[in-house]
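Across the two complexes that follow, subunit A remains constant while its partner is subunit B and subsequently subunit C.
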Partner chain A sequence: MASGRAVSRINWPGLAVLALVLLAWEAVVRAGVIDFEFFPAPSAILAGGIELAKDGILLQDLLHTLLSIAIGWSIAMLIGISVGLLLGFSPLVRRYSLASIEVLRPMPGIAFAPLGLLLFGFSLQTELVVTVLPTVWPVMINTMGGIANVQPRLADVGRTFRLSRHEIIRHLLLPAALPSIIVGARISLGLALVMAIVAEIVGNPEGLGYGIVREQQALHPEAMFAYIAVVGVLGVILNAGVLGLTSLLWPATVPRRGM
Partner chain B sequence: MGIRFASIRQLMSEFPSPRGLLPAIVLLVLWQIFQSGNSPYFPPPSTWWTGLIQLAAGGRLLTASVATIQTIVVGLVLAIVSGVLIGVLIGMSQQASRALGPLLEFCRAMPPPAIVPLAILFLGYDARMKLTIVALSAMWPILLNTSSAIQHIHPILLDVSTSLRLSVFERVRLIVIPSVVPAILLGIRIALPLTIVLTLLVEILTSIEGIGALMIAAQRNFQSGQVYGLLVLVGMFGFLLNNAFSIVQAVILRRWPPRNVQA
Partner chain C sequence: MLDPVFECRSASVTLALRDGPRPIIADISLEVHSAEFLSIVGPSGTGKTTLLRMLGGLLQPTGGEVLVKGQVMTGPPEDVVIVFQDYANALLQWRTVASNVSFGIERVLPRKECADRVRQALDLVGLLGRAEDYPWQLSGGMQQRVQIARALALRPAVMLMDEPFAALDAMTKAGLQDELLRLRDQTKTSFVFITHDIEEATYLGDRVAVLNGSPGRIEQVVAIDLPFPRDQIATRQLPEFLEYRYRLHKAIGHG
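Let's look at the complex of A and B:
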């Protein structure tokens, strides 16, 4: 919803509800209404989180996840944008490969986890395989669509002004396609976070995703909830950060309302 | 999300040229020719087929496929029902949407796989847990699209319905449903791949009956042919489900064409 505007106007009722939910949760657990062995109160989760942070292990896991998101997303952007540009500029390439891409695109990224494990074992490479493959598509498709959907008249205008082909691409077509490419990059980044967590749960015993599983198996529910909360906060920050950054740099590319 | 994807539909109209499958076919043929040995990592495509046949012979492939598809479909239906209901409630009331906004925003930004260990802890290893995870995480895009569409119904339309003294039933039928249906469909389009990913993830993690469990078992036994074969099979599931939904979507949108709700 109003992620952009939230900064300028603080949503007090929203924050109040959030606090109320946490308070009710605390009260319910304290009063013993819910008799779940594995359901810690928010205060216990906070304490567990502080414990982990003091240990330094939380920071280490956070850094690992951020690093693999950064590497995976960069690789996906590199492949996605270059192949997307190629597809966008050349109808011939498009005709002879789009069907192959459309067959590969709906493949669920998680399905590559067993393949990654087969090839690389439990390692960062497996994590990158699982992260990169699904995140390539939004960038690639949006880059291709952005270029291919530029009004043909724009190129005609360039030719009228006797711009070279290189100048037309650089000064007219690329800027026109930029909003679409940025939207693709944003979708990819969100996906990269999800897939990095998935990969850490399944294929690479490091990072926040592994932290969740590790604490679950060690029967430390406070620590597990703390990891989940950190992952959620990371998601919110990445979302808001990218949205804020793009609205600052390229205001035209941000949808009028959040979503 | 998914807003610019209309552009691919335009490209699709020039696309159904099967010539585009050529690179994939050439690659597979070259792979088959140059990998004649029994490579444990890159087995030739013919072994993918024999791997699948092995699994199918025991009847395991069929039961696993049925279990996986059942989870995807039932989970998606649950997600649609709950997402639309809550989305309508939130969309109707400005206060509710403002009050619940941050909470929902946090739940939406939470990467769905993070709740898998949580659900396992609470619900144990069973089909109920699988469905809960799939429904919970696929619900958000549907919920947010629905509530946003209701909030964007043009006020004049509501004024008109008041002046014409439409009954509540007519108001819903004539104004709310046509405005909301395209948005719900868009939400489902985003949710569908998510349900597939999560179903497989749960199966891989917990080895509960399903294609995901077969994949991870094949990997653990170094049956690389089976791993690749199942990968292709899963890809075909994704392809078929996505296209089936595209057809359903096209049919429904013919009945309720999208309006410019942003107006």
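Let's look at the complex of A and C:
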């Protein structure tokens, strides 16, 4: 039943448009309408991707990027959720630290790449500095907002049923804030992917990001586009993965459709 | 059971606001007996909700005292539970109907007994068939019945209700009023029912207390001597009903 529902949720018209765009792209390149040697047709990109996969290097790069996303996102979740909870529960902490957060938050993570390079050289650590710093904010802000915006009525309900302060937090406030925390976690994950790729392009010569640069410098546009396509697909899969996991763990928090 | 269940002895609540202390309710003395239905009626701004929160132990009286079964109350008492007006906020949207109803008892009772009580409570409010639905799949009237079932599962001595039907349409409201009277007969629970609707207060109550003024005081308590079972059509056109209605309107200061 679950898989049947998943199939019925696939956006067929949207996919058809995508297929048409790819076909048009293929036709335009083959007909020679676009005469630019670094703009390969989708079929050539696919062939390039298969080459890379056969070679084993694509898998290696993919695993590296996945690893750095996993580490970077986990650190960001840990920091973001704990600080977010603190900010959400304590108006005092919020009052004293929100100004600092608003100053730090707009700073692009990539601006810290030179610092990472000074500290750690061309390494996974540098990649993590660039990935973690901007990734912390969405989950932190959403956790804070989720807690601070819980209906005060829920605390009344907890008290009339004689729950302790601790039980009110655990059984009422945290579950009520969970959907907002999950949204923050998803935004952070998408950002972690972007920042890992950026870091691999400028700071750590490994992974899918470096693959793009490497193939560009080797003048292999098919392989370069293949890497870009893999990054795109990875983004879609990661998001779907979090959504799937969420609906498995907490079915009631999944966005509802109609009534 | 000790009678009265509730007793207020010149209780008052004064809030400390930025521009000084503001008395909300003053000199409240009243008793609630076991299995009694006490309606409290009053215009808005007279502290009805404050009074109910004080009875529920969410708010400490700043003067006088409140006794539950002869004991001075210091926090939310055992056996007393509040049903709120805003059911959508008061229900746990991430839990099923059955799991909402078990919320108040699941930490105290063994699993089996908990399940039995949930079933009984849902049966009492006619929602057994919707046990596995989520609150947002139910109509407003059904959601309010879930909240009532959640309170009933606790088998409370007193249910405090804060304008519970104010957000519902007239027909749903009438149905739930009769359901409450039936529940009172079946469970011998006492009800303290706050409303701004004089007819509702009269139809349901054994007594109606009039809260008026600022700070709010109990200006009158009217014993309602109307025959049971009450009937939405017959009771409401009895000359006595109309007389009570007139008296209460007068007491509140209309006409």
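In this text, the second predicted complex is superposed on the first by the 228 of 259 C-alpha atoms of A that agree within 3 Å, B and C clash if a C-alpha of one lies under 4 Å from a C-alpha of the other, contacts with A are read in each partner's own complex, and residues count from 1 in each chain.
The rule we apply is simple: a contact is a pair of C-beta atoms (placed from the backbone, for glycine too) under 8 Å apart; a residue touches a chain by one contact, two chains touch by 3 or more.
Remember, predicted model here, so these are calculated numbers, not experimental data.
Of the two partner chains placed by the overlay, neither subunit B nor subunit C lies in contact with A:Val33.
Contact with subunit C, but none with subunit B, is seen for A:Leu178 once the two complexes are overlaid on the shared chain.
Of the two partner chains placed by the overlay, only subunit C lies in contact with A:Arg162; subunit B stays clear of it. Set against each other, subunit B and subunit C differ in how many residues of subunit A they touch, and the higher count belongs to B. Of the two partner chains placed by the overlay, neither subunit B nor subunit C lies in contact with A:Leu92.
Residue contacts after overlaying the shared chain place A:Trp250 against subunit C, while subunit B stays out of touching range.
Touch criterion met: A:Leu104 reaches subunit B, while subunit C stays clear of it. Residue overlap on subunit A between its contacts with subunit B in one complex and with subunit C in the other: 256, 259. Those residues of subunit A that touch subunit C in the complex are listed here as 151, 153-154, 156-157, 159-163, 167, 171-172, 175-176, 178, 250, 252-253, 256, 259. Residues 1-3, 11, 13-18, 21, 36, 38-39, 94-104, 106-115, 117-119, 141-142, 144-146, 148-149, 180, 183-184, 187, 190, 193-194, 197-198, 201-202, 209, 212-213, 216, 221, 224-225, 227-228, 231-232, 235-236, 238-239, 255-257, 259 of subunit A are the ones that touch subunit B when the two sit in their complex.
Taken together, the subunit B residues at the contact with subunit A in this complex read 1-5, 7-8, 10-11, 15-24, 41, 95, 97-107, 109-118, 120-122, 144-145, 148, 193, 196-197, 200-201, 204-205, 212, 215-216, 218-219, 222, 224, 227-228, 230-231, 234-235, 238-239, 241-242, 262. Remark: subunit C residues 56-58, 75-76, 78, 80-82, 84, 86, 89-90, 92-96, 103-104, 107, 134, 136-137, 154 touch subunit A in the complex.
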